[in-house]
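The same chain A turns up in both complexes below, where it pairs with chain B and then with chain C.
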Partner chain A sequence: MLTTTPRLYTRRPSPTTAEFTVTTLPPPTIPLRILRVLLLALRVALVLLTALALHARWLSSPYAQPSLPSTCPTGDGWFSMEAVWYALDTLHKSSLGQLVGGLVENVPLVVLLPAAAALCYLLALRVHTTESLLVMRGLGVQTSSSPATYLASATSRFIPTEKIRDIFVNEAFRGFEVRYYLIVVVEGEENVVVVFPRLLPRRSIVETVWRGARACLYESRGGDTTEEKG
Partner chain B sequence: MARRRTYTVAMVSDYFFPQPGGVESHIYQLSSKLIDRGHKVIIITHAYDDRKGVRYLTNGVKVYHVPFFVIYRNTTFPTVFSFFPVFRNICIRERIEIVHGHGSLSSLCHEAILHARTMGLRTVFTDHSLFGFADAASILTNKLLKFILSDVDHSICVSHTCKENTVLRASLDPLMVSVIPNAIVAESFRPRNYRSSSRAGANGFQTDPPPARPLAPHEMITIVVISRLFYNKGTDLLTAAIPRILEEHPNTRFLIAGSGPNAIDLEQMIETNVLQDRVQMLGSIRHEEVRDVMTRGHIYLHPSLTEAFGTVIVEAASCGLYVVCTQVGGIPEVLPSHMTTFAKPEEDDVVAATGKAITAMRAGQVRTEKFHDQVKKMYSWSNVALRTERVYDGITGTISEEDFYGCDTGGYNGSRIRDFTLIDRLKRYYGCGIWAGKLFCLCVAIDYLFFLFLEWWFPRENIDTCPDWPRKPSADERTSSVDADAKRP
Partner chain C sequence: MVEHDGLMRVFWPTDVVKFDRPGVVVGWRNSNLDVFVVAVLDDVDARDVEFHIKHGTFFRSSPHTPSHAFELCGHSSMHVLGISNPTDPSAMNPSWLCAVPSSSRRSPRITCAKASSVQLIMYNRPRPKGMQYISLDPIALALDYEGSDTRHPKTVGPDSAEEKQEKQAHEQRQKLVEKLKQHTIVKRVPSARDKALAKIVNQVNWSWELEQTLQKNVGRLGPRPKRSLSVSQQVVESAATMRNYVLQQLLEIFTLYLFPTIRQIFVSLLTLHRLVAEAFLVLLEFRIKPGRPALKDVSATAQQIEIRLQQFCYWPMQYVKLRERKSNWASINTSHPDYIRFYNSLWLVANDVIIGLALGSYIIDHADFVASAVEGLLKTYTVDALQSSILWLTGWPAGLKLNDELAAFLGDLFLWVIDYWASKYLTRLRDKLLTMAIDCVETLGPFLPKIVWFIGFSSFAGASMPIAMVSDMLSALTVHIYSFYLASARIYHWQLVILQSLFHLFRGKKHNVLRNRIDSCDYDLDQLLVGTILFTLLFFLLPTVVVFYLNFAVARMIIISLKAVFDTMLSCLNHFPLFALMLRLKDPRRLPGGIRFELRDTLVATSATGTVTEPPTSVIYLKSVPLSFTAMFNQYFQMAHRIRKHYLSPSVLLCLLTGRFVPPIDRRNLYSLQYSMLPAKRATVGEMWKALKVEKKTPNATQYPVLPKLPTLPGRRMGRTRSGL
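Our next item is the complex of A and B:
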């Protein structure tokens, strides 16, 4: 429901520029937006809960300072450190806090810490993958790929026109399949650059992008070479 | 004329280029001739060193080098089911109708045939080699062959001897085995000083090539041997026979090309008998050089102990050499008697036969200059492709069963069309043996379940199909077909 098979969006701001975006994000609808907001809220809540559990475990350890403010701060104090400690204390004393504290009390740290880290990583993973190819005649092409998690930033790579030797569609074994993929051969580099490396969209999309990219990059010469090279 | 039906065929074998050999070139030549006849052919083999993935050869032959683990002499490890997902993917994306396996030692080929039957594709198997029945390895191979061939639609053997051998090994119905010989590219094996006879016949008459220059009484006769120096190629026989032949016939010398574990025996023989000036060993040569080596000689000696077909003696005859060979396997079927002298596979007889051949050459009784044109008429890959196509027609039902198998069905009146119903397939496998039958049934059942799982896990509609290679690569037609391809959505 949250993702679709990779879909292609083409944007042509000017005749000499084209951006091909392949994404698993479905077209935005109201239920989808609500669902995404709910999902985000759930993620935040789960991360906070993990932090609470870790703190509860810390409190039960002999190194923790026993003194915690037990008075409710007033006025400006709402935004001070004491207020945070007070809120935490209240949470720990609530039934939810008791439950979490009871759960993690007897879990050894060797298990708890990696588990918490893994959970946080899972919660930070993005649902959708978006990869794009920006083609600008006379300048070059730029491939970019959305990061796997919310914490990392997008990776992109620019290849200037004079370094591009060719763009073509190739096929190769991947896992138990043979897939089509678009590659850019860069001068002076041993490895080719795969466009849309994570999504590896289907042949129809790859071919459309290939035709569009060639037409945009080389103007009239687009598509006059053979389709694939072995 | 009605348009012939064309097929998409997958040739599957462990043996393919870059590795040299007879099976390899057979697959390549057959594929390219089938493509000339309008079929679509792809080749599936395993990866060789850096040769992985999908490659194109000339004429649009597409080769899938499936990355796999190689165990022995370029044969892959028999991983019965692990090949299935990739194989299914390739078959669906290329829209394969017929799977054609080559080589009875190739496990890739056996697996492909098993999976193809499970997927409901027609299968053909070509056997290129002869096997014994006695030793443990042969028994195992034969059992495996029986397993695979009990459900194959049709088999092809390269010679009648090979057919007999295969029929016995796999307990097949002889009518379901066809004989289609190998062929050679006659243009690559022209004799020295060969002038095309069609050019000479300007007035419409074919003129015989000019008679070869008769040998001077003491002219050196060169005997050529080209073979991998393995035991089964008769290297021991050669080692024993050479000193005796050279002793009896003063103006002769040997030219030996090829390498292998038994090369050391030959070298020792040369040392012991001090024959360095009369026996020249060239080491291993490339296939393109074979013709140049052959045309240096007058007689070709082929001492093999077992041979299903023996393409090399056809090549030798095509180069205008008189052939002396052992009478084993399919060799006696290969060449007409005026081109060969046969010997029993034993030392005395090989020496005697070679002596006879040398005498005949000296007497000028052998018209070797005519051999090339005769061989050219007998063996051509186009003919092989034509006959293979007929087999494809027969198994897919394009020509009726009576047409294909003939009326004399040897008392068996049931249908020879292998249907794909699981229960019928299991019945065929069950007959393979008391224990083996049950084991094979288990294998087939698991394969079928695996197939259902794959259909669910990698749905058919998620697999992209490949565009066909544009055919008839003449200059203007090629561009137009690519244009048409480009317009397709």
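Our next item is the complex of A and C:
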């Protein structure tokens, strides 16, 4: 429900510049938005819970400072460090805190720390994948792809027009199916650049992008819009 | 009047968004409809600006000649590109653009009579004074990526087979790509606009300084100031002149008399130091025969000393090169990687010394404790553990029924050597290193505190020194394990080979060496009988030999991995890209890793009120991509790859299983990382002397303005220069 099959949308403010984006993000509707907000809240809550568990484990170790202020700060002390410590203390004393503390108390650190790190990584994973191809006549093409987690930034690769040898649709076996994919052959490089490498959208999308990209990148001379290589 | 595809490409700086006055747009015209905007000059006449640009008025007072800028940007002069906020758009040159600031967007509105569509590319000006720049290719932190390969073209050992395989795969790929290229039907000729990209990158890098120059000198075009200076201003001015004059005189005394002397002394000291370093380097690089390893290839300490000396030799040259940067435009960015390399190596050495001081003072203060700990470790692991494991092997280990007699013989043999190693000593040489190599553990005992003290003292030259020494000491003190490994491997290998040929005999065959194949052979009965008996004997003795061999092979592998840990620590201390990492956090624009474009959403211009209708415009932001962390640590990845290929390959496993010698990885191969920061061939003493001498002259040549400078008051300056014209 959160994702769809890869779909294409195109932005083309002027005839010589176009951005083709393939994404698994479904068109926004109100239930979807609510769901996404809920998912985000769940993620944040789980991360906080992991932090709480780690803190409980720290408190049970002999290195921790034993005394926590247990008096409730009043007035403008609400935003001080003491208030934070007090809130943590009450959290630890609540039934949830007791449960979490009891769970992690006897887990060895060798298991606990990697498990916490893995959990945090899993919670930071993105649900949707977005990949795009920006075509600018006279400059070149740029492929970019959204990162796997929320922590990293998007990666992009710019190929100047001078270095583009050709753009075409290729086919390959993947498992038991045939996939059509768009590639850019770069001058002087032994690897071709695959556009939309993670999503590998359907043939119709690839074909649309291919036609659009060629029309956008090169001046139309007629006669070279129907060719395709397999 | 539309050109063939009518696409106009405009590069526009992001900091020019508010220009309310009518003005002139100045920049580079790369081709007819491909323009690069450097500055918008307010309140001037376009024809006036064009005239002065042609005659170079703008650059008359600049400290450096503008020819560098013109050469790198690919034009002989700047151009007038158009008008901003025109009062009368119809009177313009048709190829000029017309720029109007837009209230709703961050980008201006561009129109041109010849253009049917517009690509408006907004760029951030990199600050050349802060050493920011953009580039198409990632900045090269290493001196040259291929340096390691060109310097040591031939590698020996099992690597060659893997390299051959790699080369084959590479060729296969090349062929595939060639085939792919044949699919291309139409070979497109790149237009002038396509080729301009490299030029545009330079223009972006230069735009800040050029804009500063233009804006500073735009006043020269303006009208003469009406007002003369008031009395108070004149008083201030003469006081400032006096102060400047005194300061100038003081500076002159310093530069003319004091500074050259200090400089001369410093240069002589440097050269002296260089001579001593040269002597040491010659000693370290001396080879008995051309193919034989030099001292630096054998010992980690020697290699460490060599790296430091090489760095000391390289620094003056690097510094001289960096000083040249100051005497030219700041936008020239060819020396920025050198700058990063220079300060990275300085910082690493300083870090090394700081860590070394802490380590050294600890070791010296606790020399006795450290010595006893080291002795305990040595005794436990290289003597006692080995002895107990051999004893265990002689007495049916893990329920394996080995041959008692052979096990006892082998065990006694090794135990005897260990005893000898541990308790007696051969020679007592003054030379500590030789002593360590030949001497044995207990003789070492009394000397150990002194050695530890020496190592501690050496760490004042950097923490890498004691690590290298410990690495060397480890190989010296485990010579016995190494020799056991060699001996047992040899025995095991022989036995395997004999078993193989006897097996052929058992089957009535033999190995034909000439044709490298198995032939049938008619053996006599007695030959067959003896052969079979020997085969059985050797076959039943094999497990005993195997367990001894495995024992020592495992010990050897542990030592090799320990040394690998030391080597990794050394390479981290010597070549960690600390400065680059810091720059990446502080100012990522100083480490360009390429460029990236971002298409912005443009609101459809509903210009109901506007007098000019806007052609379809796409607004693109040009951004610099900072260098990725993987590119920063590329050298480390390469080294890890090389080690993995050497030690974790199937051929090494086969060597281990059949008892053949596993060759240690070539130090030169491992340390290609180290040389990526240093030139392949160091400058000779004469070259360094010359470079330092030349550098001495350059500042003198520019520091001879005898007349005191006048304070810069805008009105006054304009008047003077105007009258000078």
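Going forward, the second predicted complex is superposed on the first by the 218 of 230 C-alpha atoms of A that agree within 3 Å, B and C clash if a C-alpha of one lies under 4 Å from a C-alpha of the other, contacts with A are read in each partner's own complex, and residues count from 1 in each chain.
Simple rule for what comes next: a contact is a pair of C-beta atoms (placed from the backbone, for glycine too) under 8 Å apart; a residue touches a chain by one contact, two chains touch by 3 or more.
As the structure is a prediction and not an experimental result, all values here were calculated from the model.
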{"item": "Partner chain(s) touched by A:V192 [first = chain B, second = chain C, both, neither]", "value": "second"}
{"item": "Partner chain in contact with A:N106 - chain B first, chain C second, else both or neither", "value": "neither"}
{"item": "Which of chain B and chain C A:Y180 touches, first, second, both or neither", "value": "first"}
{"item": "Partner chain(s) touched by A:S61 [first = chain B, second = chain C, both, neither]", "value": "neither"}
{"item": "Which of chain B and chain C A:P15 touches, first, second, both or neither", "value": "second"}
{"item": "Partner chain(s) touched by A:S95 [first = chain B, second = chain C, both, neither]", "value": "neither"}
{"item": "Which superposed partner A:R211 touches (first chain B, second chain C, both, neither)", "value": "first"}
{"item": "Partner chain(s) touched by A:T29 [first = chain B, second = chain C, both, neither]", "value": "neither"}
{"item": "If touched residues of chain A are counted for chain B and for chain C, the larger one", "value": "C"}
{"item": "Set intersection of chain A contacts, chain C complex versus chain B complex", "value": "224, 227, 229"}
{"item": "Sites on chain A touched by chain B in the complex", "value": "170-173, 176-180, 202-204, 211, 223-224, 226-230"}
{"item": "Complex interface listing, chain A residues touching chain C", "value": "11, 13-17, 19, 134, 136-140, 142, 144, 156-158, 160-162, 165-166, 168, 185, 189-192, 218-219, 224, 227, 229"}
{"item": "Complex contacts: residues of chain B adjacent to chain A", "value": "52-57, 62, 64, 66-67, 85-86, 89-90, 93, 458, 462-467, 482, 485-486, 489"}
{"item": "Interface residues, chain C side, partner chain A - complex", "value": "4-5, 7, 9, 34, 117-119, 121, 136, 170, 173-174, 177, 180-181, 183-186, 188, 190-191, 193-195, 197, 594-597, 599, 601-602, 615-620, 625"}
